[in-house]
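Next up: some structures, all given as structure tokens.
Next come two complexes, and both contain subunit A; in the first it sits with subunit B, in the second with subunit C.
Let's look at the complex of A and B:
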């Protein structure tokens, strides 16, 4: 999974780069508009280590933001699984908030919290949180009647057992959603770094944008792609391992 | 022990027709009784009404001398996170460990105790599901096709043993197996087709006991009566 994700990204990246280079040579565009391969390689040599550090800084915020959103989504999802008024209220609220582009709230967070780690973390978390919450709510609110019936009939059902049954029966779905949400968390972090931050690969891209240096942006995009592919591949591998261990 | 139905009717909210229409009967326990009839005549709906999981029926349905009713059905599954043995032990009330062991042997499940539920055959799945109900506290156990996919010989062994082992309990078996119903059951509620709905009648089965000899003429007669009542 790890290797497949990486080479899939490399194929997409090379196709994208080749298309731009094709455009460059077809329209005789200068290196200022679209940099040549030697210029991209030269720029990579100059900024690679700085950008790698910045990408890992982004990844660390991504991972932390995702963990927070997973914990929150499961907490709220478990609370919202019941058909009580509270459950209905949580589900209705989650569906309505999900319909709103959360990223548009980012400026408010920056006004209130300023630049820095906390704003990046918060934006990464909320962008990742709502899609996760909807999936967790969907899983937790759907009874697995053919398993739960016995425990209900014999008075053995507890909320912990109910959650365990529903999570276990939807293990594949949950692990897929969690690994997929890594992309959302990273997108949230990079958006936060674009808007206002003083670190991270998004901040590096914004700086390169001000310098109109497309070569640097290519290098940054390459690192983002590689790192998110590795991270997502790792999560998928962990998910597969859990499923194999539990489901056989 | 008694199950009494008086002018019972039930219709699913998304349906135009009544699945049970003005059904009246009285069934006595303890012992092994059955509900028999073609598919779609409301056997499972009736079982769920008796068990209390359907409550919006019309008419009366009540029991006498029955406190705890359990309803088991053949699509039930055990969770997959532990072996069958561990799961059965977890749901066995204290003091019933010997009964559990006895039933594991009777149900021929010794070899699958270390396996997860998904790795065993359908018959073994149904047996392990029924087994966990039998170790619980109950006055009436409804067995909705609970021994489906179990071979005839083992079904017979299990049914005879249940009758002998739990003489003070009432069982209500829902089955499409005419011979089984006629052979092992004491009272058989026969539900007819929809045209005959409401005319559910109670017939006597052979109520075969352990070590008793089966009277084949009486069995044929009982089966004919059940068939004609449908």
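Let's look at the complex of A and C:
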């Protein structure tokens, strides 16, 4: 899965780059608008190690933000799975907050927490959390009648058992959602860094943008793509391993 | 209504419509991309359109807002804009990367990029006074380049000052976490000064030009192709634009200018905007300056700074791309704007 994810990304990246270079040569654009391959390589040589460190800094926040959002999403999803007033309230809140653009919330977060690690973590968690919560709510609120009926009829049903049954029956869906949410967590972290932070690959992109240096942005995009592909591939492998272990 | 009256009316309508279409068709359509959003810093650009300077030259100009993403140089190359506003560092960087540009005029004779600090803090009388201070810079921005030049000039090592990355949120400055904050003197500088005055605090501005660093700000650019193929259009455009700037900087036109800018930017209070215009006037048309004049020495210094800091790979000899003959000539004062550049 890791290798497949990586070469799939490389194909997409190369197609994108080739299209831009095609445009560059078709319209005779300068290196300022679209950098040439030698310039991209030269820039990569200059900034690669710094950008790699920045990308790993972003990844560390991404992983932590995703873990927090998974814990939160499962806690709230389990609490709000009942079609009670609380359940519908949690769902409505999730939908509403998801509708707010993070760029509007970010200044408030930065005023409260400053532009350091915590703000990045919080924004990554927020972006990753709500789609996860909605998926968890969807899974947890849908009864598995054919199994749950037996335990209900025999009076042995508890909330823990209910959660286990629903999670087990939707294991494949949940692992897919969790691995998929990695991209959201990464996007959230980059957005936070882009808006206001002093570290991470999003911050590097912002600096490059101020300098109108598209070659640096290409290098950053390459690293983001590779790292997220590897991370997502790893999560998918773990998910498959869990499914195989549980389902035999 | 009798038949004769009806026919007369129809004939009149036809003639009116035809002449309007003909007049419209005569106008040449041009796109002009600004560097930033509509604000007082673009008052001359806005006023050139509002007071009919472009129309008088037979031009129909679409003035569009810019941003770091909506870069005038990119737009020129992609053929989406015919003229644009770019800062000197953008122009020099683009020339370094093979762009075919020319500079027609320099709007700001004094760079509005300055730093603000409270007057209860030690005054910066000499560059060495920056030592030990907490200074805000936008990493990757113009102000970073300028500040690093100032520090080098004063032989101040980076560890001897505390450089903090800044953004559009002024909280660190309000909370005194950053002592010296970068601002555009004529826009943010006025707003911050007002806000602090409300809290009973006074401010000072630190202008790099006072310490010999003349880093050129916004200038009017076009492509070499445009200048070569349509020099008359370039003349007309520049004539109209500089007339717009000249009128906008004329205190007698203040109310009209403010009304025109207000139409495009409703978020700024009238009182603030008036003060912003007064400061803009000092930066665009200083007592000893000419509207639009290109300061070649400052351009060369800007290039030298960028070369020294590794922002360009080799000297581009920017003076070759400055079209003094357009920028340093005086406009005719005819109100109709015949557009002859002397």
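In this section, the second predicted complex is superposed on the first by the 243 of 248 C-alpha atoms of A that agree within 3 Å, B and C clash if a C-alpha of one lies under 4 Å from a C-alpha of the other, contacts with A are read in each partner's own complex, and residues count from 1 in each chain.
Operating definition for what follows: a contact is a pair of C-beta atoms (placed from the backbone, for glycine too) under 8 Å apart; a residue touches a chain by one contact, two chains touch by 3 or more.
Note that the structure is a prediction, hence the values are computed from the model and not measured.
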Query raised in the report: Should the pairing of subunit B and subunit C on subunit A count as a clash or a fit in the superposition?
Result: fit
Query raised in the report: With the C-alpha centre of subunit A at the apex, what angle separates the C-alpha centres of subunit B and subunit C, reported to the nearest 10°?
Result: 150
Query raised in the report: With the two structures laid over each other on chain A, which partner does A:147 touch: subunit B (first), subunit C (second), both, or neither?
Result: first
Query raised in the report: Is A:50 contacted by the first partner subunit B, the second partner subunit C, both or neither?
Result: neither
Requested in this report: Return first, second, both or neither, reflecting whether A:156 touches subunit B, subunit C, both chains, or no partner chain.
Outcome: first
Query raised in the report: More residues of subunit A are touched by which chain, subunit B or subunit C?
Result: C
Report task. Using the superposition on chain A described above, determine whether A:165 touches subunit B (first), subunit C (second), both, or neither. Result -> first
Query raised in the report: In whole Å, how close do subunit B and subunit C get at the C-alpha level once superposed?
Result: 53
**Report entry** subunit A residues contacted in one complex by subunit B, in the other by subunit C
**Finding:** none
Report task. Would you mind writing out the residues of subunit C in touch with subunit A in their complex? Result -> 68-69, 71, 73-74, 77-79, 90, 93-94, 96-100, 138-141, 165, 167, 169, 171, 311
Requested in this report: Spell out the part of subunit B that touches subunit A in their complex, as residue ranges.
Outcome: 51, 70-73, 75-81, 91, 116, 118-119, 129, 132-133, 136
Requested in this report: Quick one: which bits of subunit A touch subunit B in the complex? Just the residue numbers, please.
Outcome: 146-147, 149-150, 153-154, 156, 164-165, 168, 246-248
Query raised in the report: Residues of subunit A touching subunit C in their complex?
Result: 27, 29-33, 35, 39, 107, 110-111, 115, 195-196, 198, 203, 206-212
